[in-house]
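Pasting a structure here, questions to come.
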C-alpha cells in the first residue's frame, strides 16, 4: 500500500489524484464505522453525524481563523466529545442494538434538518455564515501549520491523506490486538461473560464509540478540505447509508473489508454518476438488497471462507 | 468460625407476584465447598444471579469479606472476587480457549504473567490440547470446562458453579468432581447440581432450597435421610 | 383567547401528524418486531399515488382515502413476501434490507417522476378563529388520526380478525395448530401497516407536497415516536405522539422550529434513558 501511495502521484493526472484523495478520505470514514460496528458490535446508523460535525467544525474554525491546524484539531475533538455524550446516554442507559441504531440514525437526521434551516445572515458562528442548505463555499484549505499563506497542493494533500489512512489503519490494528481491543471484541461476543470477568462493558463501549466519532470527524475535515465546501448533505440519510453499505459490502469484522467496500462503491458511484442510464439510488438499493439477501457476511469474510473451503477441498483430494 | 467469606442476610427478590428467593440466610466459610440442591424453580440460579449482581434484591443484604456488596454492579462484584459458571454457558463462541483464559487472567495480571497463568490453567483443567480451538465448535462437556477454566483464570476467591456437570458423560462427571475438589483446596465454592451422583462425590455441607427459601442445611447423609427433602423432590408440598 | 385556541390547535395538529406517520410503523413494529426503514418511502409512495390519481381526474378525497392506501398496501404485501419473510427473525438483516428497499423506491420514483416537487392544493379552505385563520383540512386530519387510533383499538379488541392477529403474534405455532396460517397473518399485518402509512402519505400530500426524497423527513420522527411509545400500538403511539407533539409545538411557538425539532429529540433520548422499553413498556402495560 505504501508503494502504491508513493508512486501514484507520478503516474496519475491531477483529476485522478483528487479523486483518489477523496476516496482515501472516505476509507478513513469507512474504518471508523468498521471498528465501531465490526469489532465493537455497536450498531451505529448515524456515523455521518460525526463525519458532518467534523466537516462543519473544520469549516467554521478555518473560516474564522484563516488557518487550518486548529480547525483540524477541532474537527477531531468536537465530534469525539459529542460521541462521548451520546454514548454515555446510550450505553449507560443500557439501550440495546435496535434502539442504538434508531437513535443514532435520528441524531444524524436531526442534524441534517437543523443545518438545512440555517440559511440567512442570522445564522453564523463568529465570521462563518452557515448558509443552510446552500452550504459553506470557499473554505480555506489545508496549510502548512503556522504558515497560513502556504497552502498544500494536490500532491502534498494526497500524501497527507494517504499517510493518515495508513496511521489510522495501523493504529486500529494495534489497538485491536491490545488488551483493550480484545476486550471490545469479547464484548461483542458475549457482554455478560465480559462483565462477569470484571470488565466495565459500558466504559469500553463508550471509549470505542468515541474513538469512532473522532476518526469520522477527521475524515470530515479531509472531505471539507477536498471540496473546499461543506453542505448539510454530510448529515444526510444518503451519506450515512453509504458508510454502512461500504462496511456491509466489504465485510463486518475486518479492517480491510471496509476499505475495499468503500473503494468499490465509490468507484461504482463515480461511474454510475457519469452515465445516464439509471438512477444511482436505484442501483445502490438493488446492490444493497442483493448483498443482504445473498452475501450477508460481505466480500472479505465470504472470500476468506471460500478460500478456506477450497484449501480444505484441495487438501482432501490430495490426501 | 472465623469470619465467613460470604454471608447473605434475609436475601429476597420479588418479580411481580412471585417471590423467587425468600429470606435466604447463607453463611459460607473460607475455602468451604457448599452444595446447593433443590427441585427446579427452587430459586438456586436466581440466588446466584443475586450474588453476582446480575439481579438486584428487593430485600436483604449480601456481605462479602465483611463488606456490604448489595446493589453493586456485576463487574464491580466480579472484581471483588466472585466468579460464576452460569447455568447456560456464557462463552465467547468466536474466540479460542486460550483467548478465553487470557482475557480472564489479563485483567488482574501483567501481560507476561497473564500468559503464564493461562498456561497454568490450561494444564490444570486439562485443556492443553484444545488451547487453539474455537470454543463455539467444542462439545458441550469441553465448553463447560472452558468456562470453568475461564472463571478460574480470573482467580476469584469464591466460585459459583451452576450445574457444572450438566450434559456430561460419566467419565466427564468424575473428572469434573476431581477438578472441583482440587479447586476447593484454594477457593471457596458453591455448587448447584441436579446430578446426585456428582453431588455425592464432592459434598460436605448441603443446602436444600425449596420455593425460594432454604429448607434444610446438613451433611449429605442426613439430607438423604430427610423425609421433607424427599417429599419436595417427589412433588408433595412438605414445608412452607 | 384566540391565541390560546390556535396554539391548542397547533399542538393537536402536531400530535395528529405524528400519529398519522407513526401508526403504520407501530403496527408493523408492535406486532411483528420488524423495523421497516422503507417506512418513509411508503409515505412518499402514498403521496405520489394520491397526486397521480388526482391529476388523472380522480376525486381528491377518493384519491387520498382509497387509492393511496390500496396502492401502498399492495406494495407492502409484495415487499413482505419477497423480502421481509425471507429475513424474519433476523432483525439486523431486516433493517438493512428495508434500507435497501427504501433506496430502491427513491431511485425508482425519481426515474419515473423526476426530481421536482409535485403538489395538489389542500381542499376545504380555511375558517376564521378571531384574528387567525386555520385550515379546515388540518382539522379533518386531526379527526382522521383520532379515528384511526379508535379503529385499531376496536378491530384488535373486538373482531375475530384482531384476535387472530394478536394470537399469531404472541404464539405463531399455537395459532398454526388452531388452523391459522401465520404467513398469511404476517402478510396481512404488514399490508395493513403499509396501507395506513400510504393513507397518511396521501393525507399529508396537500400540506407538504411530495418529492422522491420526502420520506427522509418523516422517518426519524416516526421511529422516535414508535420506539418511545413501546409495544402497545394504540396506547404507545397515542402517548408518545402526545408527548412529543406537545413539546415540539410548544418549543416551536416559544422559540424557533429548529429548537422545536431538537427538543423532540432531546425528549426522546431522555425518555428512553428512563424507560428503555418505551412508555408502554412500563405504563399502560398490557393495553393494546
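Note that the chains take the letters A, B and C in the order they are written out, and that residue 1 is the start of every chain.
In this section, contacts are C-beta pairs under 8 Å (C-beta built on N, C-alpha and C of every residue); 3 or more make two chains touch, one makes a residue touch a chain.
Small disclaimer: the values here were computed from a predicted structure and weren't measured.
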Set of chains whose contacts include both chain C and chain A: none
Leading chain pair when contacts are tallied as C-beta pairs: A-C
Centre-most chain [mean C-alpha coordinates]: A
Chain whose Cα centroid lies at the greatest distance from that of chain B: C
Distance from chain C to chain A - Cα centre to Cα centre, in angstrom: 31
Centre-of-Cα separation between chain C and chain B, whole angstrom: 49
Approximate Å spacing (C-alpha centroids) for the pair chain A, chain B: 44
Chain A residues within the chain B interface of the complex: 179, 182-183, 185-186, 189-190, 192-201
Interface residues, chain A side, partner chain C - complex: 43, 89, 93-99, 101-103, 105-107, 109-110, 112-114, 117-118, 236-237, 241, 244, 248, 278-289, 291-293, 296
Contact set on chain C toward chain A in their complex: 35, 83, 86-87, 91-93, 95-97, 99-108, 110-111, 216-217, 219-220, 223-224, 227, 257-258, 261-262, 265, 268-269, 272-273, 276
Touch list for chain B against partner chain A, complex: 52, 54, 73-75, 78-79, 83-84, 86, 90-95, 99, 102-104, 106-108, 111, 150, 154
